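In the two complexes that follow, chain A is the common piece, with chain B as its partner first and chain C second.
Entry: the complex of A and B
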């Protein structure tokens, strides 16, 4: 088997990798939003439980979190008398959503808290409601502050999706191992190299998207413009 | 029109306001002076409830509130009729100068964008920032930021405008341009409260000076009474130390 036949076979597993990534991205984002809100607004008991969840998601190795999800969730639903619907793929999505949500909440919470207290004061003094203040003033500024950290957490998520093979989900990583075993481990280096390129491209795309939003932010505009001017000045001098 | 009675406020074990009474008539320009840490800024922030006193009452025309029973509608009603200019400017960093001045009109007062823009442009012209309309805060000097803050405060057409040490975080060269704008505002007849360390300026624009010391109003009178014949030794001492720097 040569490399040209291996690449399409690896890519055929890419949709699953992407599906797990996107599910964890979306569900994790929602979880993180709820977790951050509860950790900032301190509701008794509930906020403490959320603290424990975030601490779990951030301190337990991701591969262990996947095992917990794969073996633990069926037990949990059995308690409620439901049938076990946790295929490796579903367990991977749930496990990584929980991991990403906890991790991301510690990006969102500091970003919110980093918005200058004076911005709240100004909005309050002018009679903005809480919702108006969040959507028009504090939110956009927190997004600007949090974007680089968000980009990092997305890249970590993409890396961690490679771990789902341990619970038996057939993503690109698992497929690579299947190919290698079938071929008596002849082309290990080539297969891993192709895998590395696939992950690099995924992360590059994620980085470009985040970078686009970073540069588009109005708070970024002057600095970006300044660097462009400096670059033009340097080029014209040279 | 505005009356604060027996305002008490503590941050932890530090008693900041210790029973402050203050009343302001329509058209008054009142300057609040006094040493740092005596609660001048805190008192100003009690009016629009950015600072939350433990006890005391406020009456603002027909709006009345006891701080022991905070009332959301009363707080909002007072906030809609006052505007504050901050020591740290607090111009919205994600908006241009024009958007900063327009936004409260559109979002809070529900004016149409056209009407809000017209009012905003008028106030921006008044503070001399027409050429900076579409600049973001990170592109502006301290003086320009504070003038944006003043334009934003004026645009909502407040009954009372609260200046909280508007020039304290500006470098000396920029103080002048801001004081000029404040003088223009206060001489237009709008009721103003000004916390300041600019003694000469306070003397020239105010019709009343309030001297605060250790959380209470220690002296209250016309600029002539306060500056030319200080009634208490503490006030005299304070004025001497302020003048020695000027």
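Entry: the complex of A and C
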């Protein structure tokens, strides 16, 4: 088996995998913002619908969600009289965005709720408007709490992008299957090992980016400094 | 378009796969919890070499998608077992190993990495003053584990363990890649026969959501019941 020939061929399909990932990341983030806002605000009927959406995104296997998107979206579009424009790639993007949005809203909502109630009261008493309160006081603290969970959800998203081949998108997994079939299925184990390395590297990069933001977070520094100071104080006492 | 006539018949067929799926999930759950607890214990006790090995294991299995792990064990496990058989001189054919066992092993391996994290978190939440108190009262190590540590750690871990139960249920749907029939695979087979794809998948979605609801309810009840007694 020629790994040096296989890797460039696999990497040629990487842009599609990355495109699906980034679309799902951005669209999912917006969806999650809307969903968590609605779930925190408790608008009567809409909030219940959002609850159902979130439990759909979290309790149904992602393969199944992709299939539902693939077969269901054309039907939905047909109801409005539009032409069917769903290629497997678009269906994969929409399906994964819905999954990621639902999953992420369960990260955002607890992070927002974990911010101390007193912080809201203090901001209100100081005359902050709602927008100022979110951007200057509650937001930064919620981001600090939610960042590890966000990192996890990004890694899950990257894992789940590997499933889009089942609805016919030509991503890295699908290309690997093509390569294997061309070699009469002799080197399946080796090809999957190469795939495993590629996905590990993707996850590692995502993890490093999140880690960078975690360390850069303004709330991280004083805490870490404080604990080291306490430790130094204890050591000097001992 | 969406056919409602077909729903009842499809539902009956897809429900037939529920016991198998639940059975496999109930097999994987304790297995992965045991392996995960061992990993967590190794990290909690800081056992020198094993600790680094567990770290590497977790990094690898968390970075690789579960489909890839399942395919790797599908193509690698029988060969490895065959090698072991021939090395030990046992006359058996490892390639006859049924696919569902491969799936169970692969998912157990994946989920154990997550279980280890959950149980480590629960162990860290355990107040060490309690173990000091227990030791000062003359508890032995096994008594401490049975009467003080385990009840509290298990209770703390219940919500996350529920999530991992659902992760297992969802992971089993990847088994159709190696021809194991669970709820999702059954819905696909049913759809392939009568071409009503969306209908079959919607039924599967509803079944999964109902199972998730029931599992969450059971876990909540269990947690409440245990919390009152302590």
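Simple rule for what comes next: the second predicted complex is superposed on the first by the 221 of 238 C-alpha atoms of A that agree within 3 Å, B and C clash if a C-alpha of one lies under 4 Å from a C-alpha of the other, contacts with A are read in each partner's own complex, and residues count from 1 in each chain.
The definition used in the following text is that contacts are C-beta pairs under 8 Å (C-beta built on N, C-alpha and C of every residue); 3 or more make two chains touch, one makes a residue touch a chain.
No experiment lies behind these values; they were computed from the predicted model shown.
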Joint occupancy of chain A by chain B and chain C, clash or fit: fit
Broader residue contact with chain A after superposition on the shared chain, chain B or chain C: C
Touched partner set for A:68, first chain B, second chain C, both or neither: second
Touching partner for A:55 - first (chain B), second (chain C), both, neither: second
Partner chain(s) touched by A:11 [first = chain B, second = chain C, both, neither]: neither
Partner chain(s) touched by A:137 [first = chain B, second = chain C, both, neither]: first
Partner chain in contact with A:189 - chain B first, chain C second, else both or neither: second
Vertex chain A; arms to chain B and chain C (CA centroids, nearest 10 degrees): 100
Touched partner set for A:119, first chain B, second chain C, both or neither: first
Superposed arrangement (fit on chain A Cα atoms) - minimum chain B/chain C Cα distance in Å: 21
Residue ranges of chain C touching chain A (in the complex, touch as defined): 1-2, 60, 62-69, 71-72, 75-76, 79, 166, 169-171, 173-174, 176, 184, 187-188, 197-198, 201-202, 204-205, 208-209, 211-213
Chain A contact footprint on chain B (complex, rising order): 45, 48-50, 76, 79-80, 82-84, 86, 88-96, 103-104, 107-108, 136, 138-139, 149, 152, 156
In the complex with chain B, residue positions of chain A that touch it: 116, 118-119, 121-128, 132, 136-137, 140-141, 144, 217-219, 221-223
Residues of chain A that touch chain C when the two form their complex: 55-56, 58-64, 67-68, 71-72, 75, 155, 158-160, 162-163, 173, 188-189, 192-193, 195-196, 199-200, 203-204
